[in-house]
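Note sheet for the following structure.
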Amino acid sequence: MSKEFCIQLRVYYEDTDAGGIVYHANYLKFCERARSEFIRSLGVSQAEMLRQGRGFVVAKMQLRFKKPARLDDLLTVSCRVSRLRHVAIAFDQEVRAPDGTVLFELNCDIGYIDFNTGALLEIPADMAGRLKDYYQGQED
Amino acid sequence: MSKEFCIQLRVYYEDTDAGGIVYHANYLKFCERARSEFIRSLGVSQAEMLRQGRGFVVAKMQLRFKKPARLDDLLTVSCRVSRLRHVAIAFDQEVRAPDGTVLFELNCDIGYIDFNTGALLEIPADMAGRLKDYYQGQED
Amino acid sequence: MSKEFCIQLRVYYEDTDAGGIVYHANYLKFCERARSEFIRSLGVSQAEMLRQGRGFVVAKMQLRFKKPARLDDLLTVSCRVSRLRHVAIAFDQEVRAPDGTVLFELNCDIGYIDFNTGALLEIPADMAGRLKDYYQGQED
Amino acid sequence: MSKEFCIQLRVYYEDTDAGGIVYHANYLKFCERARSEFIRSLGVSQAEMLRQGRGFVVAKMQLRFKKPARLDDLLTVSCRVSRLRHVAIAFDQEVRAPDGTVLFELNCDIGYIDFNTGALLEIPADMAGRLKDYYQGQED
């Protein structure tokens, strides 16, 4: 089993909607922030990738909304590598309340592309290596 | 098979990200606009529901990103009722390019709740009736 | 006085916040949609500009929030050229309710830049010409 | 002169647009996060206000965009009380790069309203007191 990487974030007015709860699409933003910080923690720069016209894109996602988050909530967003292939990384993610209640679950498949051509590229070797270390290092 | 309801929308700078493509979470906004216009077309007012502290929330979603949309693209967003139950409606949705290419697919389960308590409610009878007519009326 | 260009748009859940009203920053999105459609109506393609690494950016804005818009409201967003210079265009914009009540006012100065270097460029001659025709053609 | 309150935040893909820079409306989100954390630091709960159907709204804003922020930038967002009245608070805010360069400036007037009626209310006494202490305590 892979280790969990987590960030914390606060719910602001910008994240909510007129129902008084977090707007559903914004959980995807929260999860992308966690993936971005996870990638940064590996020493990989998405800004540098972007200057080369490359970056990660989402291929598939499964979302389960279990309980709504509200204004001012302090949320934990987790990120786990669940599968690693040459052209795709799969993540399992959760958004949790301070008491550990799971509010939202996400499984996603991420690819790496050339933004100009849309062509699918192999995950860069150095990043794949760091992910592999991370992932294998966490095997039970 | 149920009839398809469609809206058209334009991609603006607000919808894109630094990769030069539509930011992944924004496809959920596009699909929610189509569901909102579909509900409005049934003569059901979400604003009136909201004044009673009630509304629709997403329970589950499956997303497939097939091809990126870009600035200025004119997109068609479709909406089909795929299942109808007392406490949930399932929709199949697509985002398509002008030439009909499917860029994004969504399956979602929508529930109806009391925003203050979070309690799951039955779909209002008049709306269920209109959806049923719509859905049955479209059977092959 | 210059002629007014207008678009209509609907307020969706994505536009609102937990106060039950349109989130303040989203009026800037509404106004940018109107400016984008105005530019398109002149026969100028922002997507083509972007492929050349160029585009419009905001330099200054003045915002006045007069009355809140709410879910399902059908809004009119206007756009008027208030000043035209070599390196900047000024717009006066309003967001209005169906009865004509002004909900939001914006004055903005827009520049044209190279996105890679950040350098300020002259407004493209063909666009300046069309804006001038538009602007002068509307003089009282 | 009043003391400056600051937060730090990271620029994610969600904040950028196809020009490769932070989308202009998102600076308003950044500034609202800083005001929210400032209000929280005073011991005032916006979530509690919201449960009573009340909250802050923006009345006026002046924005100056000086230099664009980009993906992965670590930004400092400042917040200073520039005027304090019974029914309005004025803030001066800046968004700054790590080297201190000012990227964005905002002056805004904030009011306090009943979200249901839209009626303007006096700033709650306990909050006004804390703001006054804060503001006066910082006089030169």
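Each chain carries a letter (A, B, C and D) given by its place in the written order, and its residues are counted from 1.
Here, a residue touches a chain if its C-beta (ideal position, glycine included) is under 8 Å from a C-beta of that chain, and two chains touch if they have at least 3 such contacts.
Quick caveat: nothing in here was measured; it's all calculated off a predicted structure.
A count of C-beta contacts for the chain pairs A-B and A-D puts A-B on top. Ranking every chain by how far its Cα centroid lies from the centroid of chain B, the top place goes to D.
Remark: chain A and chain D have CA centroids separated by 28 Å (rounded to whole angstrom). With centres defined as mean CA coordinates, chain B is found 24 Å away from chain A.
Counting only residues that touch two or more partner chains, chain D has 13-14, 18-21, 25, 29, 32, 50, 55, 70-71. Looking at the complex, you find that chain A touches chain C at residues 13-14, 16-21, 23, 25, 70-71. Chain contact summary for the complex, chain C toward chain D: residues 18-21, 24-26, 28-29, 32, 50, 55, 57-65, 67-68, 115-116, 118. Listing the residues of chain D that touch chain A in their complex gives 10, 12-14, 20, 29, 32-33, 36-37, 40, 45-47, 50, 55, 70-72.
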